[in-house]
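Heads up, the next two complexes both have chain A, just with different partners, chain B and then chain C.
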Partner chain A sequence: MKEIIAFPHLGSYCHPIKRLLKNTTNQKVMDTPQITKKTINMGSKYSPDSVCVPFKYNLGNYIEALEQGATVLIQAGGGCRYRYYAEVQETILRDLGYEFKFIQIIGKSHLRLNEIYKLLKKLNPKLKKRKLIHELITTFFYIKYLDKIEELIRERIGFEEKKNSFIKLKNNFLKEADKTKGFLSLKRCFFKYKRKIKKVKINKPKNCIKVGIIGELYTAMEPFSTYELEKMLASYHVEIKRFTNLTYLLWKKALFAPYIKWKSKRYCKYKLGADGLDNVYRTLWLSKHKFDGIIHTKPTGCTPEIGAIPIIMRVAKEKKMPIIFLSFDEQTSNEGLKTRIEAFYDLLSIRKEEENERIHRN
Partner chain B sequence: MKGYIGIDIGSISTKGVIINEDEKIIASSYLWTEGNPVLAVKKVLKELRQQIDEEIINIVAVGTTGSARKLIGTMLGATVIKNEITAHAIGTLSLHKDVRTIIEIGGQDSKIILLEDGVVTDYAMNTLCAAGTGSFLSSQAKRLGIRVEDFGEIALTSKHPTNIAARCTVFAESDLVHKLQMGYSQKDIIAGLCNSVAQNYLNNVAKGKKLESPIIFQGGVSKNIGVKTAFEKILNEKVITDENGHLMGALGCAILAMKKNVERPFSFNVSNSDFETKAVECKGCPNHCEVIVVKKDGEKLDSWGNRCDKGSYFK
Partner chain C sequence: MKTVGLPKGLLYYRYETLWKSFFKALNVPVMVSEESNLLLLEKGKKKSIDEACLSLKLFIGHVESLKNKCDYVLVPRIYSLEKDEQVCTNFNCLYDLIKNVYPELNILNYNIDVKHHKSEKKAFIAMGNTLGFSKLKSKKAYAFAKSQEKIEKEKKEQNQNIKLKTNKKKILILGHPYNTKDCLIGKSITDFLSNYPVEIIYSDIFNEKLVNKYAKKISPKVHWTMNKELLASFMYYKDKVDGVIVISAFPCGPDSLTNEMILRKKANAKVLLLTFEELNSNIALLTRLESFLDMLKGGIHL
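And now, the complex of A and B:
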């Protein structure tokens, strides 16, 4: 009997991950149902109340997937409470009476090829190491290309002339990239869409308002968990810069860690866990590159970020950077968020006007 | 002469002003929302109408702010629908040009706005907890059997305010009951409550921010002189309260409506129309968005609350 594999949602990354699993395991990989209010309601019903919000979203994803017949669940792990997610979620789901296999891929702090090989071999005994390496490289590039496309879109989406033109392009890219066979055709597909995105007509003033989004990784990458914060910002005609994406987490982070630590040594002596130190560095980076404001997002009770916030506040105060801190939980009313973002936008635009006037006067 | 209406619809009270072209308030109204913003606004409009001469003053634009701004803005055809923070800052700046800090404690939220050279530089709102807001004070007043309006005067008579845990409403309440049973006098407890409101605000909302003077204290709680003196004692600075402090939000959005230079005909007869709001659950996907549809005399004005385009077709 074929197994049905399911994994939780994280932005658009379900596409590359699904492709990897499909090609290496030869099993059926399921499209986990899209996150909706129902997902988060189910997730928070069976989660401990004080756990951070990504746990609840993931659990809701699993329950919905299991109800649609999934037999194998996959979870990753990270440098904070995220590492315990797998075990706790498995226990909760077993207590609920579901039957399934549970696989955690990053149980320790590093991602090792041999471990992945062993884990996937359980699902597909015929898997060759060569095949796995090939697929992993293609997936890494897929993720890299996807992130690059999203980055390009984020710079432009606030100024598009025809509504939804970028979202359509991105969806087409995903559709086409899923169908590509090898690495080369994937690359060709990426360049085709890169060109297309650059050709879309935009109406971007030279000194537009630029905002950087920093903070915890799940709220940064999963738009549903922040009530589509980026979309809301785009509607105010703002250029958005976001650092956290899978490319960053998978290899850039490890590569840049010593540099980041050295750069922010004035403020931090030690690592803060998860992305804490990175966010201190990003605050410095954003103020150096003349961004207008910073938005910091985190789930309520995210310990590494709570540790980082006072330091970020101090950096922002010294550099005179406007910054707001947003905490997200499972409640789904975005009125409060709208008020805060609108006020933040007013703050930035009035500041910008003053600045421009000063330049004109001199 | 041209006139501009600004309306601030809060959770507890609804405020309305009419200003002339010199940003002067020529009519104002202040009453309880009582959970029905539409009715409250109708009453406010009626009161405003009585205070002006309609033949001289011609209303050309409307601005709304507060938690029901979108609903009322749609209802009245407002040209400006602004958030409370900007509206309060603009309103206050028109009266106090050099203000640096605005403390605002309302019915269920509290905020701090920091300004420099007439520009907002930072702001914060209470995030999770309603401790230390107006509704907390009025529920405690009920427990003690005192009118909340008398709180300030009683607090001032106390010489030794008791300490009441300020961190959290629940702790504060159990602490208060405990102190009552211990036999502390009522006035000391009330003074302690006022202190705890100020302390809580400074710890939660103004956390990590530097409060520069001149400091202006607004919102419903600013009418409570006990809290005002508590702030002065803790901050060691003079705290200014304004007789029109509660109208600042409404004034701000009226000024914004004036500055926007968009004129839209407005008639006071709008308060005679029949408004109906309806919440419809969209069944297009499992998200079940709650779509709010506003109707005027049976005709659809607007709808919102949907995440995708599917929800906009409701009637």
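And now, the complex of A and C:
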């Protein structure tokens, strides 16, 4: 009998991950049901009270997947509480009476090829190392291309003339990229859509408002957890810059760590844990590159960010950057968020106007 | 001679003997901040953000109270105490956090990061260096402090073993020592319990060599060194005591998950979970404690 593999949602990264698992394990990979209100309600019902929100989303995803017949669940791990998610979630799901196999990809603090190979070999005994490396490289490039396309879209989406033209293009890209077989056709597909995106008509004023999104990784990458904050910002005609994506987390972070530490040495002597120091550096970067405002997102009770916030506050105060801190929990109404973003936008636009006047006068 | 201030919060309770005897060997006068009280908490709350955990707020309050009284304030930074393990990220950023909240404060700092080959010994020698002592002197002082810590630990363990053999009802207080021994958090519980004929067992008095063996039984993958010790000591004492009181501060990151593991894998043990917030009165708490004690006795006797 074929196993059915499921994994929690994280933005549109389910496409590359699904492709990787499908090609390496030869088992059936399930489309985990989309995150809805029901998902988060289920997740928070069975998870401990004061745990951070990504845990609840993931647990909700698992429960919904198990109810649709999944037999193998996959979880990753990271620097903070995330590394311990897997074990607690497994215990909770077993207590609920489900039967499944649970696999944690990053059990220790680093991603290692041999570990992944051993884990996937359990699912597919015929798997060869060469095949896995090939698939991993293709997946890495898929993720990189996807991030590039999203980055391009984020710069333009606030100024599109025809509504939804970018979202349509992105969906088409994902559809086509899923069907590609090799690395070269994937690359061709990426360049085709890159050209298409650049051709879409936009009316972008020269001095538009630019906003940077920093903060914790899950709220940055999963749009549902922030009530689609980026879409909301786009409706105000704002250019968005976001740093955290899988490309960054998988290899850029390790590569740039010494540079980031050196750049932010005025404020921090050590690494702050998880993405703390990165966010301090990003605040500096955004103020240096003349961005108008910063939005910091995190789930309630995220310990690394709580440690970093006083430092970020000091940096923003010294550089005179407007910054807004948003905490997200399992509530799903976005009215409160709308008011705060609106007020923040008003603040930014007033500042921008004053700045323009000053330039004109001189 | 310059005085070093020790804020009485977070790591103080773990390293008390080590720090005090290290500075004693170097002839450096030490000043410990007062016991935590509501005024101190109020000061800490003002300086920290809302979502920070209660213990961190108290720690900032302690630093504030030492601010102008001594030349240095000791704020260590810990990344990992064991290879492939971590501690709560609050300890990762503790130094930088205090430095940014109080930019003018003179901070005495050491850094333990076993994962990147920075051991405790190296850290203490570097700290001695910043105080102006030679390498040899601080090495000797560290060795002395370590031996003192060992003696103290053995003494405590012996006491605990004697307590375990008595016929009275025994209650295990489980929690980080900075919570269980703090005046505002855990001490109110132990003070209340001392009115009753029960023996109090502390979870932090526990043989280090047994940690891995017992932690494996409850949770093989836990990666926080301090919480691993808690889980191990829970498994070790579980059958030897009558009841367990779990104390944690709100919103503690690692505890939120490990407490769940304790509650799910406790089997027959009787566990009371108490989470502390910035409350001014502990009446509600005492009611819960009383009913827990009644339950241990085997029901309410009218």
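Here is the rule we use: the second predicted complex is superposed on the first by the 362 of 362 C-alpha atoms of A that agree within 3 Å, B and C clash if a C-alpha of one lies under 4 Å from a C-alpha of the other, contacts with A are read in each partner's own complex, and residues count from 1 in each chain.
The rule we apply is simple: contacts are C-beta pairs under 8 Å (C-beta built on N, C-alpha and C of every residue); 3 or more make two chains touch, one makes a residue touch a chain.
Since the model is a prediction, treat every value here as computed from it, not as a measurement.
S.K.: Identify the partner contact of A:327: answer first if only chain B is touched, second if only chain C is, both if each is, neither if none is.
M.R.: Touch status of A:327: both partners.
S.K.: Answer with first, second, both or neither: which of chain B and chain C does A:33 touch in the superposed model?
M.R.: Touch partner of A:33: chain B, not chain C.
S.K.: Now for A:92: first (chain B), second (chain C), both, or neither, which partner does it touch?
M.R.: The answer is second: A:92 touches chain C but not chain B.
S.K.: Of the two partners chain B and chain C, indicate the one touching more residues belonging to chain A.
M.R.: After superposing on chain A, more of chain A is contacted by C.
S.K.: Would you sort A:342 into first (chain B), second (chain C), both or neither based on which partner it touches?
M.R.: First partner only, chain B.
S.K.: Check whether A:351 is in contact with chain B, with chain C, with both or with neither, and answer first, second, both or neither.
M.R.: The first partner, chain B, only.
S.K.: Considering only the touch criterion stated at the top, classify A:300 as touching first (chain B), second (chain C), both, or neither.
M.R.: Once the two structures are laid over each other on A, A:300 reaches both partners.
S.K.: Report for A:273: first if it touches chain B alone, second if chain C alone, otherwise both or neither.
M.R.: The second partner, chain C, only.
S.K.: Touching A:310 in the superposition: chain B (first), chain C (second), both, neither?
M.R.: both
S.K.: Would you sort A:121 into first (chain B), second (chain C), both or neither based on which partner it touches?
M.R.: Neither partner.
S.K.: Considering each complex separately, which residues of chain A are in contact with chain B in the first and with chain C in the second?
M.R.: 300, 310, 313, 327
S.K.: What part of chain B is in contact with chain A in the complex they form?
M.R.: 67, 82-86, 119-125, 127-128, 208, 285-289, 307
S.K.: Going by the contact rule set out above, which residues of chain A touch chain C in the complex?
M.R.: Touch list, chain A to chain C: 47-52, 55, 79-81, 83-88, 91-92, 95, 104, 107-109, 267-274, 276, 300-301, 303-304, 306-311, 313-314, 327.
S.K.: What residues on chain C touch chain A, complex-wise?
M.R.: My answer: residues 48-49, 51-53, 77, 79, 84, 86, 88-90, 92-97, 99-101, 109, 111, 115, 219-224, 250-254, 256-261, 264-265, 275.
S.K.: Would you tell me which residues of chain A are touching chain B in their complex?
M.R.: Within the complex, chain A touches chain B at residues 33-34, 36-39, 228, 300, 310, 313, 322, 324, 327, 335-336, 338-340, 342-343, 346-347, 350-351, 354.
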